[in-house]
Every structure is written in structure tokens, then in C-alpha cells.
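Here chain A shows up in two complexes: once beside chain B, once beside chain C.
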Partner chain A sequence: MSLDLISFIVLGIITLVSGYLVVASANLMHAALFLGLSFVGVAGIYLVLGAEFLAAAQILIYVGAITTLIVFGIMVSNLQDLKAGGRGVWARVVRNLASFRRGLVPLVAAAGFAILMLVIYRQSLWPAEAPPASGSNLATVGRLLFTEYVVPFEIASVILLAAVLGAVALSRRDDQPPAGSTGQAAPAAERKEGR
Partner chain B sequence: MQLEQSLVQWVGNLYAAGLSWWTSLGIPEWVWVALMAVLKGVAVLTFLLLNVLFLIWLERKVAGRIQRRPGPMHHGPQGIFQTLFDALKLVIKEDIIPSQADKWVFITAPLVMIAPALMIWVVMPFGPDLIARDLNVGLLYVSAVSSFSILALIMAGWSSNNKWSTLGAMRSAAQMISYEIPLGLALVAVGMLAGTLSLKGIVEAQQERTWFLLLQPLGFLVFIVAATAEINRAPFNLPEAESELVAGFNTEYSGFRWGVFFVAEYANLLFMAGMAATLFLGGWSGPAFLPPFLWWLLKTYLFVFLIMWVGWTLPRIRVDQLMELGWKFLIPVGLANIALTGVFVILT
Partner chain C sequence: MVINYLEVGIFALVAVAFVAITLAIGSLLRPKNPYANKLAPYECGEIPVGDGQVRFHIRYYIFALVFLVFDVEIIFLYPWAVVLEQLGLFGLVEMLIFLGLLVVGLVYAWRKKVLRWV
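Right after this comes the complex of A and B.
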């Protein structure tokens, strides 16, 4: 039993349990926070595997940006059933496991997925050794992004830019002057009149 | 310099001797490694807590002098033991959890706040050999770990079930998301210039050339403004604007939990000042008459004082000014700085 194996088991349990709690908890805010915890667990597994760059990117994007965005979205939207199930998550877990529709069916689906993954895992050839020490990790990623994967990389950036522009276009209203075009003279009071 | 190196060597020898003694007892090696990791964590925590105690006293003294009053004067010379007694008082105070609060999120929020504030010190180079772990993705690690604190602030504000807390949390989320971008842009330019993201490598690159403050004046400007906003210091302390929001996101916190938020805040202040010193003032490098660690400490406290000075001099800015400064000034300047740095790197 090495430290790597123990860390892997602990992180795996954290990831799986919090992943289950994302779908099991009735409180949307708790679900979002468990989602963040499960992302952290995955990042920890990346670290154990020596992929430091991937782990840092995982934390930065999934925990720092996506989870925060979800939590922020929940906070600004007016959800009535938000406080429905503050307590008794574990009671719900037990109840869900006992019921057919919410316990057995997802279990069967998950088991099927696990068998599928196992079959794929047994059939393909996997690199038997760990990749060389993570010292050149970052340089390798950078070089690959600008040589072999330059086209997908550029396409992804154009798609993201289009999404940003689309979000701005959707959230902007035409019946009011664009906010801030007058600089200092457009404080909150003026925007309130526009509504 | 000699003293510090021999000290590091002595600790290294002690570690190796302990390891061989430990394995001779028949206990696996990883237990020793894990124990030593815990010991290192305790050492970092002690160093940080001592610094935080001093920082709080310094803040009160600086604020006092700027407002033409002496600041704390009782308990020791110049009131130096004031924060120690304040901390003791906080520890023995009653722990109040509001009945309408979301209990578990309320309890976890200070932990989510303090853990990254301690984890982030892993990559800080205090001296040529005094670095816990020299990650080759150091700068990325810093921005990744510091992004946890947004989540902690939202958790604290939302779970308190109090309008001041929620407003403070919303403000902090908007502010920190906005200012993370210029901060990242400034870090990218530094990484381009140094050719590495490892903080040790950045210090060594500055020894070869010159301080990055001289090569990256725009980047430094963006970094120091964005860093001040990122750690919620005045004039960007909107999340806890005491004149409008009582205490912002931590209104409902009391006693030890509130103290944890306070410690995390000052630990982050020290870290950002240390980052500014490491990235732009050459970190631990300096003339040999002082050991490297003292150079690091001096430069860091220079930036700590600068941030406090600005904070107690300027009034707090409005929310719309905050957003305009971030999105319409810092981000374009940061992008232009990256382009300029690219040209500079190609030319030299």
C-alpha cells in the first residue's frame, strides 16, 4: 500500500460520493457545492497521476469558473423550493436507494456503464508506464497546442468568442442606450429609469 | 547566506536520518512522509499566524498614523501585544450559528476560505532552497488555488440567510470574477518574460536580467490593482463595506469562525505582497549582507505597507466604477501588455 494508492482511494470515494450527492440533494445550492467538491476530487486524482497542469486547469476552470457561475446563477434566480431539503440528505439517500424508479433503475444504468467501461478497458492497449516526469508537462502541452492541435484550438477559441458575443447580444436590450456609453454619467439611478 | 544554507542542509540531514531510523523500525516509508507533510503544514501555519498577528497590529498602527492618532498603545510597547489578546478573546467567545442559517454550509465556509489561503504558500520561494515544492506550473497553481475563495465568500454569504451577507457575497463574486482576468493577464506576461511558470525560475530569470518591475511597468500596474481588488482590500472592499453592508459576507459570523475569515484575509494580503515581491522585485535575491529570507521579508512588507497606505488614503469606489475600471481599463491594458511583451521577447 503506497501513499499514491491511499490518496487515489480517498479521492475516488470523495468524487463518487459527492457526485451522487449532486443528484440526490434536494437543495439546489448544496447540489452545486457538491459538484464543486467532486471536481476537486477529480483534480486531486490528476495530481496523483502527475498531471499538474491538468489539475490546475481543472480547479481553475471547473471550480473557479463553472461552479461559481452555477452558484451565482442560483443566487440571483428566485427559486422557491431552494430551502426545501436543508436536512436529511442521508435519509433521502436511503429512501432513494430503496425505491425502484430512483434507486434500482439508475443503479442498473450505472452498472451497465461500468461494464461497458470495463470491456473497453480490457480490450484497448494502455500505456504500461507512467508518462515521463511532469517536469516537461507544461512545455509539451503548449507545443502540442500550437503545432498538432492548432486547428481545433483555434476553432474552440472562435466558438467561445461567438458564445460570448451571443450572450451579450441576448442580454442587451435595444430600447435603452448601451450602459456605460456616457462613462461616469451613467450610474445606477439612470439604469433604473430605463427598466 | 551561509547560515541559511547550512540550516537547510542540517534539516535535510535530520530528515534523511529520521527516515532511515523509521524504516529500521519496520513501519512503511509513506507514514513518515505523511507525518513530515503534517509537520511542514504546522510550520507554515505557525509562520503565517505570527505574521498575521503582526500584520493586524501594523494595519491598526498605519491606519492610526494616517488618521493622525497613535493607534493601539496599551499592552506592550506601542501596543504590540494587542492583537494577541484580541485573538485570545476571539477563541473563547461564544460560537453563534443563526437558527435560520444553512448550518453545514455556514460551518464549512471558513474552512473553504482558510484552506486555500494556506495551500497557496506551497509554491512561494522564501529563499534559494526555502520552497516547499517548486511546481513547474507555479503561477497557474496560484491562480487556481486562489479561485477557491470566491466560492467560500458565496457560501458564507448565502448560508447566513441575511440580506447584508447575501449582498456582500454577490458583490464579492462579481468583483473577484472581474478582477481574476486582469490578474491572470499580468501573470501571463510575467511567465512569457521569464520563459517559465515556476516561481523559483522567475526569481532566477530576474537575477540574470533585471527586476521585472523595470521590464513590466504596465504589467506591475495591472497586477497590483487587480491583486488589491482580488483580496478585497480598500479601496476595493465592497464585499464588506461597513458603512452600507454592516460587515458584508461575514455579518453573521462571530468568535472563532469570524477569526478564521480574518486570518485568511491577512494571509492573502501577505501572499499577494509576497507574489508582487517575487514577480516584480526579484524575490529573495539581493546583496549578500542580508540572508535571502530577510530580503524576501523586507520586499514583501514594502508591498504590504503600500497596499495599506493606498487603502487608508483613498475612499471606497462605487460598484459601477469598480466594474468599469476592471473591464474597460485593466483588461485592455493587460492584453496590450501581453502583445508588447510578445514583441519584446521576439526582439531580445
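Right after this comes the complex of A and C.
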């Protein structure tokens, strides 16, 4: 067994188990942190496949930012009703696996999907070859990104700008009147003065 | 391929093992005598009031959202830094345009006072 295969299997197990724990955890905060762990596993699989830039993006954006966003989302929402009893995760995993609706049906669906993927994998020739183990993947990405794909790169900047503006517009504080509704401008200004 | 990242794997293993071994040694050595007062969360000596998970102010969320955008920006700086020497002035100007557009967003957020903590 090659080192690549071993690391793929280990990372796959980490990803799948933490992915399962995301949906199985009673505590939403634990679920969010397991989601981060499963993102880490996916990043490791990217590394095994030789996609270093993608792995870095996965770590930085998904593990760093998306998980933060989800944790913040949990922190600002009301969680009082979502807490389950004190039973441990794995006890519930065993109980769920024994039940029909939460154990058998998902297992059958997953097995069907796995068989489908295996059949597809067996029948088609994959044109993809193993990437050259250059290690300078990042330089290739950079060279292409800043010469051939300059325009998409700059468009990405505009899209990100739109994202910032949208985020600001959505989470604007109350004392700023919404753009276009001039009727509310006066009381809003008064409220600002009152602070 | 993966052999280049063997150090990362070893590092991760050592990091996990370090925590696990430290906690295991601690749990083996320490005396164990829990009672209700000792198990209560420590809040500077006060008796804890309410739940540990409180609702945080929604204002934190905008910081996370703006951080996400600049995080995506940072990821483009990595390949840029690697090939900047080959690209020369063109690459520099490109990145300055890219950053400039995002600074517009930051200035907008700033002017809209969403970054102000009142």
C-alpha cells in the first residue's frame, strides 16, 4: 500500500466521521467545529491529489472563514431549544444505526450511491492523469492567474466588492436609513442625534 | 506527492498525541474528588448565573462577513507572491487594482460606520 493511499484512507475516514458528527451532534457548536475538522480532511485530500493551491484555499477560506461565520451564526442565534439530553454522541450514533428511519434508510441510500459511483468508475475511462509531482503547483497557478486569466481575476475583485457592499447593506445598523426610502430619513437622523 | 507533506502529517500526529498524552498523564496522576461546587463553572468566584451559551450581538456577524471577503482576497496573494518576480510591474499593477477595488468596500463599510463599536 502506497503512502498516498494510506493518507487518502486516513483523511477520508477523518472527513466522513466528522461529517457524520456534524449532523449527529446535539450541540450545534460541536457540529460547527466538526464541520471545520471535515474541511481540514478535505484539504488534506486536495494535498494528496497535488492541488496545493486548492488545499491552501480550503484551509484559509473554509476552515478559517466559513467555519468562523457558522460559529458566529450559532452565537448570535437563539439555541435554547436545540439542546438535547445529556446522552453522548456515540450512544446516539449506535441508537440511530439500529433504527430504521435514521439508520437503515440512509445506509441504503449511501450504499446505492456508492454502487452507482463504482459502476461509473468501472465503465468509463478517466482522462485525468496523475499531476506531475512538481511541487511548484502554486507558481503555475500564479502564472496562469496573472497572465492568461487577468480579467476573471479582476472580475473576482469586483464580485468580492459586491459581497462587502451586500454584507454592509444587510447588516446596517438601525440608525442608517435604507437607501431609497427618503421618508424614514428624518426620524432616523433624530435617533442618531439622540444617542 | 504526499511525501513532500510528510512533515505536516508527523506534525499533526505529534500535536494530537501531545494533547492526548498530557491529558492522560494528568488524569492518571491527579486526585479525583468531584462534588457539585467544584464542578460548577468558574466565574471569578461568583455563583454562575444563567446559561453558558448566550446570544451574542448581531454586530459581531458583520466582522465575520467582512473578514470572509478579505480572507478570499488573501488567498490570491499567495500565488501572486510566488510569481511576482517573473511578472514584474504588470503583476504589481494588477494586484494594486485588485486590492484597490476591495479597499473601496472597506472604505464603504467604514463610512457606513458598521465597523464602529458603539
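Observations on the structure shown:
The definition used in the following text is that the second predicted complex is superposed on the first by the 125 of 195 C-alpha atoms of A that agree within 3 Å, B and C clash if a C-alpha of one lies under 4 Å from a C-alpha of the other, contacts with A are read in each partner's own complex, and residues count from 1 in each chain.
Just so it is clear, a residue touches a chain if its C-beta (ideal position, glycine included) is under 8 Å from a C-beta of that chain, and two chains touch if they have at least 3 such contacts.
Keep in mind that what you see is a predicted model, and the values were worked out from it rather than measured.
In the superposed model, A:Leu138 makes contact with both chain B and chain C. Between chain B and chain C, C touches the greater number of residues of chain A. By the document's definition of touching, of the two partners only chain C reaches A:Ser171; chain B does not. By the touch criterion defined above, A:Met75 lies against chain B and chain C together after alignment on the C-alpha atoms of chain A.
Contacts of A:Leu161 after superposition: chain C is touched, whereas chain B is not reached. By the touch criterion defined above, A:His30 lies against chain B but remains apart from chain C after alignment on the C-alpha atoms of chain A.
When both complexes are overlaid on chain A, the residue A:Thr67 reaches chain B alone and has no touch with chain C. Touch criterion met: A:Leu3 reaches chain B and chain C at once. Shared contact residues on chain A (touching chain B in one structure, chain C in the other): 3, 29, 53, 56-57, 60, 64-65, 68, 72, 75-76, 135, 138.
Against chain C, in their complex, chain A makes its touches with residues 3-4, 7, 29, 47-50, 53, 56-57, 60-61, 64-66, 68-69, 72-73, 75-80, 130-131, 133, 135, 138-139, 141-143, 145-147, 150, 153-154, 156-158, 160-161, 163-165, 167-168, 171-173, 176, 195.
On the chain B side of its complex with chain A, the touching residues are 28, 30, 33-34, 102-103, 105, 135-137, 140-141, 143-145, 147-148, 150-151, 154-155, 158, 166, 169-170, 173, 177, 180, 197, 318-321, 324, 328.
Contacts from chain C toward chain A in the complex involve residues 1-6, 8-9, 51, 53, 55-62, 64-69, 71-76, 78-80, 82-83, 86-87, 90-91, 94, 97-98, 101-102, 104-106, 108-109, 112-114, 118. Across the interface of their complex, chain B is touched by residues 1-3, 6, 27, 29-30, 33, 36, 52-53, 55-57, 59-60, 63-65, 67-68, 71-72, 75-76, 83, 86, 134-135, 137-138, 180, 183-184, 186-188 of chain A.
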